[in-house]
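Letters A, B, C, D and E mark the chains in the order given here, with residues in each chain numbered from 1 onward.
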Amino acid sequence: MIVGRVIGSLISTRKSNNLVGSKFAIVEPLNVMHSGTNERVVAVDIIGAGIGEMVLVATGSAARIGCGQESAPIDAAIVGIVDDENDLQ
Amino acid sequence: MIVGRVIGSLISTRKSNNLVGSKFAIVEPLNVMHSGTNERVVAVDIIGAGIGEMVLVATGSAARIGCGQESAPIDAAIVGIVDDENDLQ
Amino acid sequence: MIVGRVIGSLISTRKSNNLVGSKFAIVEPLNVMHSGTNERVVAVDIIGAGIGEMVLVATGSAARIGCGQESAPIDAAIVGIVDDENDLQ
Amino acid sequence: MIVGRVIGSLISTRKSNNLVGSKFAIVEPLNVMHSGTNERVVAVDIIGAGIGEMVLVATGSAARIGCGQESAPIDAAIVGIVDDENDLQ
Amino acid sequence: MIVGRVIGSLISTRKSNNLVGSKFAIVEPLNVMHSGTNERVVAVDIIGAGIGEMVLVATGSAARIGCGQESAPIDAAIVGIVDDENDLQ
(Lines give C-alpha, C1' and ligand atoms only; values in the text may rest on other atoms or scores of the structure.)
Protein backbone atom coordinates (compact mmCIF):
# COMPACT_ATOMS: atom_id res chain seq x y z
CA MET A 1 0.00 0.00 0.00
CA ILE A 2 1.02 3.59 -0.54
CA VAL A 3 1.15 6.09 2.32
CA GLY A 4 0.01 9.61 1.52
CA ARG A 5 -1.75 12.66 2.81
CA VAL A 6 -5.25 13.72 1.83
CA ILE A 7 -4.87 17.13 0.23
CA GLY A 8 -8.32 17.66 -1.23
CA SER A 9 -11.43 16.15 -2.70
CA LEU A 10 -12.97 16.04 -6.14
CA ILE A 11 -16.53 16.04 -7.45
CA SER A 12 -17.65 14.25 -10.60
CA THR A 13 -21.32 14.56 -11.51
CA ARG A 14 -21.17 12.81 -14.88
CA LYS A 15 -19.65 9.44 -14.05
CA SER A 16 -20.04 5.68 -14.29
CA ASN A 17 -23.24 4.50 -12.59
CA ASN A 18 -21.08 2.16 -10.54
CA LEU A 19 -19.39 5.16 -8.94
CA VAL A 20 -22.56 6.87 -7.72
CA GLY A 21 -22.15 7.50 -4.00
CA SER A 22 -18.38 7.21 -4.01
CA LYS A 23 -16.36 10.00 -2.36
CA PHE A 24 -13.14 10.90 -4.17
CA ALA A 25 -10.08 12.09 -2.24
CA ILE A 26 -6.87 13.48 -3.72
CA VAL A 27 -3.89 11.85 -2.03
CA GLU A 28 -0.26 12.92 -2.29
CA PRO A 29 2.37 10.29 -1.48
CA LEU A 30 4.80 11.26 1.30
CA ASN A 31 8.35 12.35 0.55
CA VAL A 32 9.54 10.26 3.45
CA MET A 33 8.46 7.18 1.48
CA HIS A 34 10.84 8.17 -1.37
CA SER A 35 7.93 8.33 -3.75
CA GLY A 36 9.80 9.95 -6.62
CA THR A 37 7.63 12.47 -8.39
CA ASN A 38 5.01 12.27 -5.63
CA GLU A 39 2.39 11.59 -8.27
CA ARG A 40 -1.02 12.32 -6.77
CA VAL A 41 -3.82 9.81 -7.06
CA VAL A 42 -7.57 10.04 -6.77
CA ALA A 43 -8.74 7.38 -4.32
CA VAL A 44 -12.21 6.37 -3.25
CA ASP A 45 -12.53 6.92 0.48
CA ILE A 46 -14.35 4.17 2.37
CA ILE A 47 -12.94 5.18 5.74
CA GLY A 48 -13.94 8.82 6.07
CA ALA A 49 -10.54 10.50 6.10
CA GLY A 50 -10.29 14.27 6.52
CA ILE A 51 -8.06 16.76 4.74
CA GLY A 52 -4.56 16.52 6.13
CA GLU A 53 -4.87 12.98 7.45
CA MET A 54 -2.19 10.45 6.59
CA VAL A 55 -3.71 7.40 4.93
CA LEU A 56 -3.02 3.96 3.52
CA VAL A 57 -4.07 3.62 -0.11
CA ALA A 58 -4.58 0.22 -1.76
CA THR A 59 -4.24 0.15 -5.53
CA GLY A 60 -5.21 -2.20 -8.32
CA SER A 61 -7.82 -4.92 -7.93
CA ALA A 62 -7.37 -4.75 -4.14
CA ALA A 63 -9.13 -1.38 -4.16
CA ARG A 64 -12.23 -2.78 -5.81
CA ILE A 65 -12.53 -6.30 -4.46
CA GLY A 66 -11.32 -5.67 -0.95
CA CYS A 67 -13.77 -2.82 -0.49
CA GLY A 68 -16.78 -4.84 -1.54
CA GLN A 69 -17.34 -2.86 -4.74
CA GLU A 70 -16.42 -5.51 -7.24
CA SER A 71 -18.36 -3.99 -10.09
CA ALA A 72 -17.10 -0.41 -9.66
CA PRO A 73 -14.26 1.03 -11.77
CA ILE A 74 -12.07 1.82 -8.76
CA ASP A 75 -8.29 1.34 -8.90
CA ALA A 76 -7.31 3.16 -5.69
CA ALA A 77 -8.99 3.30 -2.28
CA ILE A 78 -8.20 4.71 1.14
CA VAL A 79 -8.28 1.65 3.38
CA GLY A 80 -6.81 2.94 6.63
CA ILE A 81 -5.69 6.01 8.54
CA VAL A 82 -2.16 5.97 9.94
CA ASP A 83 -2.13 6.47 13.72
CA ASP A 84 1.25 8.12 14.11
CA GLU A 85 3.30 9.54 11.30
CA ASN A 86 6.44 9.31 13.41
CA ASP A 87 6.36 5.59 12.57
CA LEU A 88 7.46 6.59 9.08
CA GLN A 89 10.59 8.50 10.03
CA MET B 1 -7.65 6.96 -10.61
CA ILE B 2 -5.63 9.29 -12.77
CA VAL B 3 -6.84 12.80 -13.60
CA GLY B 4 -6.11 14.03 -17.11
CA ARG B 5 -7.35 16.06 -20.00
CA VAL B 6 -8.77 14.63 -23.22
CA ILE B 7 -6.47 15.89 -25.98
CA GLY B 8 -7.67 13.84 -28.91
CA SER B 9 -9.14 10.63 -30.18
CA LEU B 10 -7.86 7.67 -32.13
CA ILE B 11 -9.36 5.32 -34.70
CA SER B 12 -8.44 1.67 -35.08
CA THR B 13 -10.20 -0.25 -37.82
CA ARG B 14 -8.24 -3.50 -37.51
CA LYS B 15 -8.71 -4.44 -33.87
CA SER B 16 -9.81 -7.14 -31.45
CA ASN B 17 -13.45 -8.12 -32.00
CA ASN B 18 -14.05 -7.35 -28.35
CA LEU B 19 -13.19 -3.70 -29.00
CA VAL B 20 -15.71 -3.13 -31.79
CA GLY B 21 -17.82 -0.14 -30.84
CA SER B 22 -15.35 1.25 -28.33
CA LYS B 23 -14.37 4.92 -28.60
CA PHE B 24 -10.72 5.64 -27.87
CA ALA B 25 -9.67 8.93 -26.26
CA ILE B 26 -6.10 10.17 -25.78
CA VAL B 27 -5.69 11.49 -22.24
CA GLU B 28 -2.78 13.50 -20.88
CA PRO B 29 -2.26 13.48 -17.10
CA LEU B 30 -2.27 16.91 -15.46
CA ASN B 31 0.94 18.58 -14.32
CA VAL B 32 -0.83 19.66 -11.16
CA MET B 33 -1.03 15.97 -10.20
CA HIS B 34 2.80 15.71 -10.36
CA SER B 35 2.52 13.05 -13.00
CA GLY B 36 6.18 12.97 -13.93
CA THR B 37 6.63 12.50 -17.66
CA ASN B 38 2.90 13.08 -18.24
CA GLU B 39 2.75 9.84 -20.18
CA ARG B 40 -0.36 9.88 -22.31
CA VAL B 41 -2.73 6.93 -22.28
CA VAL B 42 -5.40 5.71 -24.65
CA ALA B 43 -8.59 5.16 -22.66
CA VAL B 44 -11.95 3.77 -23.71
CA ASP B 45 -14.57 6.44 -23.15
CA ILE B 46 -17.84 5.18 -21.68
CA ILE B 47 -18.95 8.62 -20.48
CA GLY B 48 -18.85 10.72 -23.63
CA ALA B 49 -16.13 13.21 -22.77
CA GLY B 50 -15.24 15.96 -25.21
CA ILE B 51 -11.84 17.29 -26.24
CA GLY B 52 -10.49 19.50 -23.48
CA GLU B 53 -12.57 18.02 -20.69
CA MET B 54 -10.86 16.96 -17.48
CA VAL B 55 -11.56 13.31 -16.71
CA LEU B 56 -11.04 10.51 -14.23
CA VAL B 57 -9.35 7.47 -15.77
CA ALA B 58 -9.48 4.05 -14.12
CA THR B 59 -6.67 1.67 -15.04
CA GLY B 60 -6.03 -2.04 -14.79
CA SER B 61 -8.80 -4.58 -14.28
CA ALA B 62 -11.05 -1.80 -12.95
CA ALA B 63 -11.31 -0.41 -16.47
CA ARG B 64 -12.67 -3.65 -17.87
CA ILE B 65 -14.75 -5.12 -15.07
CA GLY B 66 -16.18 -1.91 -13.70
CA CYS B 67 -17.35 -0.85 -17.13
CA GLY B 68 -19.20 -4.06 -17.82
CA GLN B 69 -16.86 -5.15 -20.61
CA GLU B 70 -15.24 -8.08 -18.89
CA SER B 71 -14.17 -9.78 -22.08
CA ALA B 72 -12.66 -6.73 -23.79
CA PRO B 73 -8.91 -6.03 -23.76
CA ILE B 74 -9.28 -2.64 -22.05
CA ASP B 75 -6.78 -1.47 -19.45
CA ALA B 76 -7.84 2.19 -19.15
CA ALA B 77 -11.27 3.81 -19.22
CA ILE B 78 -12.70 7.27 -18.69
CA VAL B 79 -15.13 6.78 -15.82
CA GLY B 80 -16.01 10.34 -14.83
CA ILE B 81 -15.74 13.99 -15.78
CA VAL B 82 -14.33 16.35 -13.16
CA ASP B 83 -16.78 19.15 -12.32
CA ASP B 84 -14.34 21.85 -11.33
CA GLU B 85 -10.64 21.76 -11.99
CA ASN B 86 -10.03 24.30 -9.24
CA ASP B 87 -10.50 21.37 -6.84
CA LEU B 88 -7.10 20.15 -7.99
CA GLN B 89 -5.12 23.29 -7.15
CA MET C 1 -3.64 1.23 -23.67
CA ILE C 2 -0.16 2.13 -24.80
CA VAL C 3 0.53 3.28 -28.34
CA GLY C 4 3.76 2.07 -29.90
CA ARG C 5 5.48 0.94 -33.03
CA VAL C 6 6.35 -2.66 -33.86
CA ILE C 7 10.12 -2.72 -34.25
CA GLY C 8 10.79 -6.43 -34.39
CA SER C 9 9.81 -9.90 -33.35
CA LEU C 10 11.21 -12.51 -31.04
CA ILE C 11 11.34 -16.30 -31.05
CA SER C 12 11.23 -18.47 -27.95
CA THR C 13 11.41 -22.21 -28.48
CA ARG C 14 11.63 -23.24 -24.82
CA LYS C 15 8.55 -21.65 -23.28
CA SER C 16 5.43 -22.23 -21.24
CA ASN C 17 3.08 -24.72 -22.93
CA ASN C 18 0.39 -22.08 -22.71
CA LEU C 19 2.40 -19.85 -25.04
CA VAL C 20 2.77 -22.37 -27.86
CA GLY C 21 1.50 -20.73 -31.03
CA SER C 22 1.82 -17.18 -29.75
CA LYS C 23 3.65 -14.65 -31.91
CA PHE C 24 5.81 -12.19 -29.96
CA ALA C 25 6.30 -8.62 -31.20
CA ILE C 26 8.71 -6.04 -29.79
CA VAL C 27 6.90 -2.72 -29.40
CA GLU C 28 8.47 0.65 -28.65
CA PRO C 29 6.21 3.33 -27.14
CA LEU C 30 6.00 6.55 -29.14
CA ASN C 31 7.83 9.70 -28.03
CA VAL C 32 4.75 11.70 -28.92
CA MET C 33 2.96 9.93 -26.06
CA HIS C 34 5.59 11.25 -23.58
CA SER C 35 6.51 7.72 -22.64
CA GLY C 36 9.59 8.59 -20.62
CA THR C 37 12.32 6.04 -21.18
CA ASN C 38 10.38 4.48 -24.06
CA GLU C 39 10.73 1.11 -22.40
CA ARG C 40 10.10 -1.57 -25.00
CA VAL C 41 7.69 -4.40 -24.29
CA VAL C 42 7.19 -7.81 -25.76
CA ALA C 43 3.52 -8.19 -26.69
CA VAL C 44 1.62 -11.15 -28.05
CA ASP C 45 0.18 -10.20 -31.42
CA ILE C 46 -3.38 -11.37 -32.05
CA ILE C 47 -4.02 -8.88 -34.85
CA GLY C 48 -1.23 -9.60 -37.29
CA ALA C 49 0.69 -6.32 -37.18
CA GLY C 50 3.72 -5.83 -39.40
CA ILE C 51 7.06 -4.25 -38.61
CA GLY C 52 6.69 -0.47 -38.53
CA GLU C 53 2.96 -0.45 -37.86
CA MET C 54 1.61 1.70 -35.05
CA VAL C 55 -0.37 -0.39 -32.59
CA LEU C 56 -2.49 -0.32 -29.45
CA VAL C 57 -1.10 -2.54 -26.69
CA ALA C 58 -3.25 -3.67 -23.75
CA THR C 59 -1.37 -4.61 -20.60
CA GLY C 60 -2.11 -6.53 -17.43
CA SER C 61 -5.02 -8.93 -17.12
CA ALA C 62 -6.70 -7.24 -20.10
CA ALA C 63 -4.08 -8.79 -22.37
CA ARG C 64 -4.91 -12.32 -21.28
CA ILE C 65 -8.63 -12.26 -20.60
CA GLY C 66 -9.64 -9.93 -23.38
CA CYS C 67 -7.80 -12.01 -25.94
CA GLY C 68 -9.44 -15.24 -24.94
CA GLN C 69 -6.23 -16.79 -23.61
CA GLU C 70 -7.11 -16.83 -19.96
CA SER C 71 -4.67 -19.57 -19.06
CA ALA C 72 -1.66 -18.12 -20.88
CA PRO C 73 1.05 -16.10 -19.10
CA ILE C 74 0.53 -13.01 -21.26
CA ASP C 75 0.75 -9.51 -19.75
CA ALA C 76 0.82 -7.45 -22.97
CA ALA C 77 -1.01 -7.90 -26.27
CA ILE C 78 -1.41 -5.97 -29.49
CA VAL C 79 -5.16 -5.41 -29.72
CA GLY C 80 -5.47 -2.89 -32.53
CA ILE C 81 -3.66 -1.09 -35.33
CA VAL C 82 -3.87 2.69 -35.37
CA ASP C 83 -5.34 3.99 -38.64
CA ASP C 84 -3.64 7.36 -38.80
CA GLU C 85 -0.71 8.41 -36.68
CA ASN C 86 -1.52 12.06 -37.30
CA ASP C 87 -4.27 11.58 -34.70
CA LEU C 88 -1.50 11.48 -32.11
CA GLN C 89 0.10 14.83 -32.92
CA MET D 1 8.74 -10.04 -6.51
CA ILE D 2 10.59 -7.11 -5.03
CA VAL D 3 13.46 -7.60 -2.59
CA GLY D 4 13.67 -5.10 0.25
CA ARG D 5 14.55 -4.59 3.87
CA VAL D 6 12.02 -4.16 6.67
CA ILE D 7 12.72 -0.74 8.16
CA GLY D 8 9.72 -0.27 10.40
CA SER D 9 6.10 -0.97 11.10
CA LEU D 10 2.92 1.03 11.01
CA ILE D 11 -0.28 1.03 13.05
CA SER D 12 -3.70 1.89 11.65
CA THR D 13 -6.60 1.77 14.11
CA ARG D 14 -9.28 3.14 11.78
CA LYS D 15 -9.15 0.83 8.80
CA SER D 16 -11.12 -1.47 6.53
CA ASN D 17 -12.74 -4.32 8.48
CA ASN D 18 -11.01 -6.70 6.11
CA LEU D 19 -7.64 -5.51 7.40
CA VAL D 20 -8.32 -6.18 11.09
CA GLY D 21 -5.53 -8.39 12.39
CA SER D 22 -3.10 -7.55 9.60
CA LYS D 23 0.43 -6.46 10.55
CA PHE D 24 1.86 -3.68 8.36
CA ALA D 25 5.59 -3.52 7.65
CA ILE D 26 7.44 -0.70 5.90
CA VAL D 27 9.80 -2.15 3.30
CA GLU D 28 12.53 -0.32 1.43
CA PRO D 29 13.72 -1.85 -1.86
CA LEU D 30 17.45 -2.61 -2.02
CA ASN D 31 19.85 -0.41 -3.98
CA VAL D 32 21.54 -3.53 -5.26
CA MET D 33 18.33 -4.31 -7.15
CA HIS D 34 18.63 -0.97 -9.02
CA SER D 35 15.27 0.09 -7.67
CA GLY D 36 15.46 3.69 -8.81
CA THR D 37 13.95 5.98 -6.21
CA ASN D 38 13.78 3.15 -3.67
CA GLU D 39 10.12 3.92 -3.15
CA ARG D 40 9.05 2.38 0.15
CA VAL D 41 5.93 0.24 0.34
CA VAL D 42 3.68 -0.84 3.16
CA ALA D 43 3.29 -4.61 2.99
CA VAL D 44 1.17 -6.98 5.04
CA ASP D 45 3.46 -9.42 6.79
CA ILE D 46 2.24 -13.02 6.85
CA ILE D 47 5.68 -14.47 7.59
CA GLY D 48 6.72 -12.67 10.76
CA ALA D 49 9.72 -10.72 9.52
CA GLY D 50 11.71 -8.60 11.95
CA ILE D 51 13.15 -5.12 11.50
CA GLY D 52 16.27 -5.33 9.36
CA GLU D 53 15.41 -8.61 7.68
CA MET D 54 15.63 -8.87 3.91
CA VAL D 55 12.33 -9.99 2.44
CA LEU D 56 10.49 -10.94 -0.73
CA VAL D 57 7.42 -8.78 -1.36
CA ALA D 58 4.67 -9.87 -3.76
CA THR D 59 2.56 -7.08 -5.23
CA GLY D 60 -0.77 -6.78 -6.98
CA SER D 61 -3.40 -9.50 -6.85
CA ALA D 62 -0.71 -12.01 -5.86
CA ALA D 63 -0.52 -10.36 -2.44
CA ARG D 64 -4.19 -10.89 -1.73
CA ILE D 65 -5.02 -14.16 -3.43
CA GLY D 66 -1.79 -15.98 -2.72
CA CYS D 67 -2.01 -15.17 0.97
CA GLY D 68 -5.52 -16.50 1.37
CA GLN D 69 -7.03 -13.07 2.06
CA GLU D 70 -9.04 -12.69 -1.09
CA SER D 71 -11.45 -10.17 0.34
CA ALA D 72 -8.86 -7.90 1.97
CA PRO D 73 -7.63 -4.69 0.29
CA ILE D 74 -3.98 -5.79 0.25
CA ASP D 75 -1.71 -4.96 -2.71
CA ALA D 76 1.65 -5.90 -1.19
CA ALA D 77 2.65 -8.74 1.13
CA ILE D 78 5.86 -10.12 2.58
CA VAL D 79 5.90 -13.71 1.34
CA GLY D 80 9.41 -14.86 2.18
CA ILE D 81 12.61 -14.01 4.02
CA VAL D 82 15.83 -14.11 2.01
CA ASP D 83 18.36 -16.53 3.50
CA ASP D 84 21.57 -14.87 2.38
CA GLU D 85 21.83 -11.37 1.01
CA ASN D 86 25.12 -12.20 -0.63
CA ASP D 87 23.02 -13.96 -3.28
CA LEU D 88 22.03 -10.49 -4.48
CA GLN D 89 25.54 -9.13 -5.08
CA MET E 1 6.49 -9.28 -21.13
CA ILE E 2 9.86 -8.01 -20.01
CA VAL E 3 13.08 -9.31 -21.54
CA GLY E 4 15.99 -9.75 -19.16
CA ARG E 5 19.01 -11.82 -18.29
CA VAL E 6 19.18 -14.27 -15.40
CA ILE E 7 21.98 -12.99 -13.16
CA GLY E 8 21.53 -15.15 -10.10
CA SER E 9 19.21 -17.07 -7.86
CA LEU E 10 17.85 -16.61 -4.38
CA ILE E 11 16.94 -18.96 -1.56
CA SER E 12 14.14 -18.34 0.93
CA THR E 13 13.62 -20.99 3.59
CA ARG E 14 10.98 -19.15 5.63
CA LYS E 15 8.28 -18.41 3.08
CA SER E 16 4.61 -18.74 2.22
CA ASN E 17 3.53 -22.38 2.07
CA ASN E 18 2.26 -21.69 -1.42
CA LEU E 19 5.82 -20.98 -2.54
CA VAL E 20 7.33 -24.27 -1.37
CA GLY E 21 9.09 -25.85 -4.31
CA SER E 22 9.39 -22.63 -6.31
CA LYS E 23 12.79 -21.68 -7.71
CA PHE E 24 13.58 -17.95 -7.58
CA ALA E 25 15.71 -16.31 -10.26
CA ILE E 26 17.07 -12.76 -10.22
CA VAL E 27 16.46 -11.15 -13.62
CA GLU E 28 17.93 -7.89 -14.87
CA PRO E 29 16.10 -6.14 -17.72
CA LEU E 30 18.20 -5.50 -20.83
CA ASN E 31 19.53 -2.04 -21.66
CA VAL E 32 18.60 -2.62 -25.28
CA MET E 33 14.94 -2.61 -24.18
CA HIS E 34 15.36 0.94 -22.74
CA SER E 35 14.38 -0.30 -19.33
CA GLY E 36 15.33 2.85 -17.47
CA THR E 37 16.85 2.01 -14.10
CA ASN E 38 17.10 -1.67 -15.06
CA GLU E 39 15.29 -2.56 -11.87
CA ARG E 40 15.92 -6.21 -11.11
CA VAL E 41 13.04 -8.53 -10.31
CA VAL E 42 12.80 -11.87 -8.59
CA ALA E 43 10.85 -14.23 -10.85
CA VAL E 44 9.71 -17.79 -10.29
CA ASP E 45 11.32 -19.99 -12.92
CA ILE E 46 9.02 -22.62 -14.43
CA ILE E 47 11.19 -23.15 -17.49
CA GLY E 48 14.57 -24.04 -16.03
CA ALA E 49 16.66 -21.10 -17.22
CA GLY E 50 20.36 -20.99 -16.44
CA ILE E 51 22.52 -18.08 -15.28
CA GLY E 52 23.22 -15.81 -18.23
CA GLU E 53 20.25 -16.90 -20.33
CA MET E 54 17.99 -14.25 -21.82
CA VAL E 55 14.39 -14.79 -20.75
CA LEU E 56 10.83 -13.56 -21.11
CA VAL E 57 9.26 -12.57 -17.78
CA ALA E 58 5.50 -12.27 -17.35
CA THR E 59 4.34 -10.01 -14.53
CA GLY E 60 1.14 -9.45 -12.59
CA SER E 61 -1.69 -11.98 -12.53
CA ALA E 62 -0.31 -13.55 -15.72
CA ALA E 63 2.59 -14.93 -13.69
CA ARG E 64 0.34 -16.78 -11.31
CA ILE E 65 -2.61 -17.84 -13.41
CA GLY E 66 -0.76 -18.60 -16.59
CA CYS E 67 1.69 -20.85 -14.77
CA GLY E 68 -0.99 -22.93 -13.09
CA GLN E 69 -0.16 -21.69 -9.60
CA GLU E 70 -3.28 -19.68 -8.96
CA SER E 71 -2.98 -19.81 -5.20
CA ALA E 72 0.69 -18.85 -4.98
CA PRO E 73 1.84 -15.28 -4.24
CA ILE E 74 3.80 -14.95 -7.47
CA ASP E 75 3.87 -11.67 -9.42
CA ALA E 76 6.68 -12.45 -11.87
CA ALA E 77 7.59 -15.65 -13.70
CA ILE E 78 10.06 -16.71 -16.35
CA VAL E 79 7.84 -18.05 -19.12
CA GLY E 80 10.24 -18.44 -22.03
CA ILE E 81 13.88 -18.39 -23.09
CA VAL E 82 14.78 -16.11 -25.99
CA ASP E 83 16.38 -18.05 -28.85
CA ASP E 84 18.56 -15.31 -30.31
CA GLU E 85 19.36 -12.05 -28.63
CA ASN E 86 20.22 -10.49 -31.96
CA ASP E 87 16.46 -10.24 -32.49
CA LEU E 88 16.50 -7.43 -29.93
CA GLN E 89 19.07 -5.20 -31.64
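As a working rule, contacts are C-beta pairs under 8 Å (C-beta built on N, C-alpha and C of every residue); 3 or more make two chains touch, one makes a residue touch a chain.
Quick caveat, the model's predicted, so the values are computed rather than measured.
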Which chains are in contact with both chain A and chain D?
none
For chain B versus chain E, what separation do you get between their C-alpha means, in angstrom?
31
In whole angstrom, what separates the CA-based centres of chain B and chain C?
19
Would you please write down the residue numbers of chain B that are in contact with two or more other chains?
36, 60-61, 63
Taking chains as nodes and touches as edges, what kind of graph is this: line, ring, star, complete or other?
ring
Reading around the ring from chain A and passing chain D first, what chain order results?
A, D, E, C, B
Touching residues on chain D, where the partner in the complex is chain A:
8-16, 18-19, 24, 26, 28, 36-43, 60-61, 63-64, 70-76
Considering only the defined contacts, which chain E positions touch chain C in the complex?
1-3, 33-36, 46-48, 56, 58-63, 65-68, 77, 79-84, 87-88
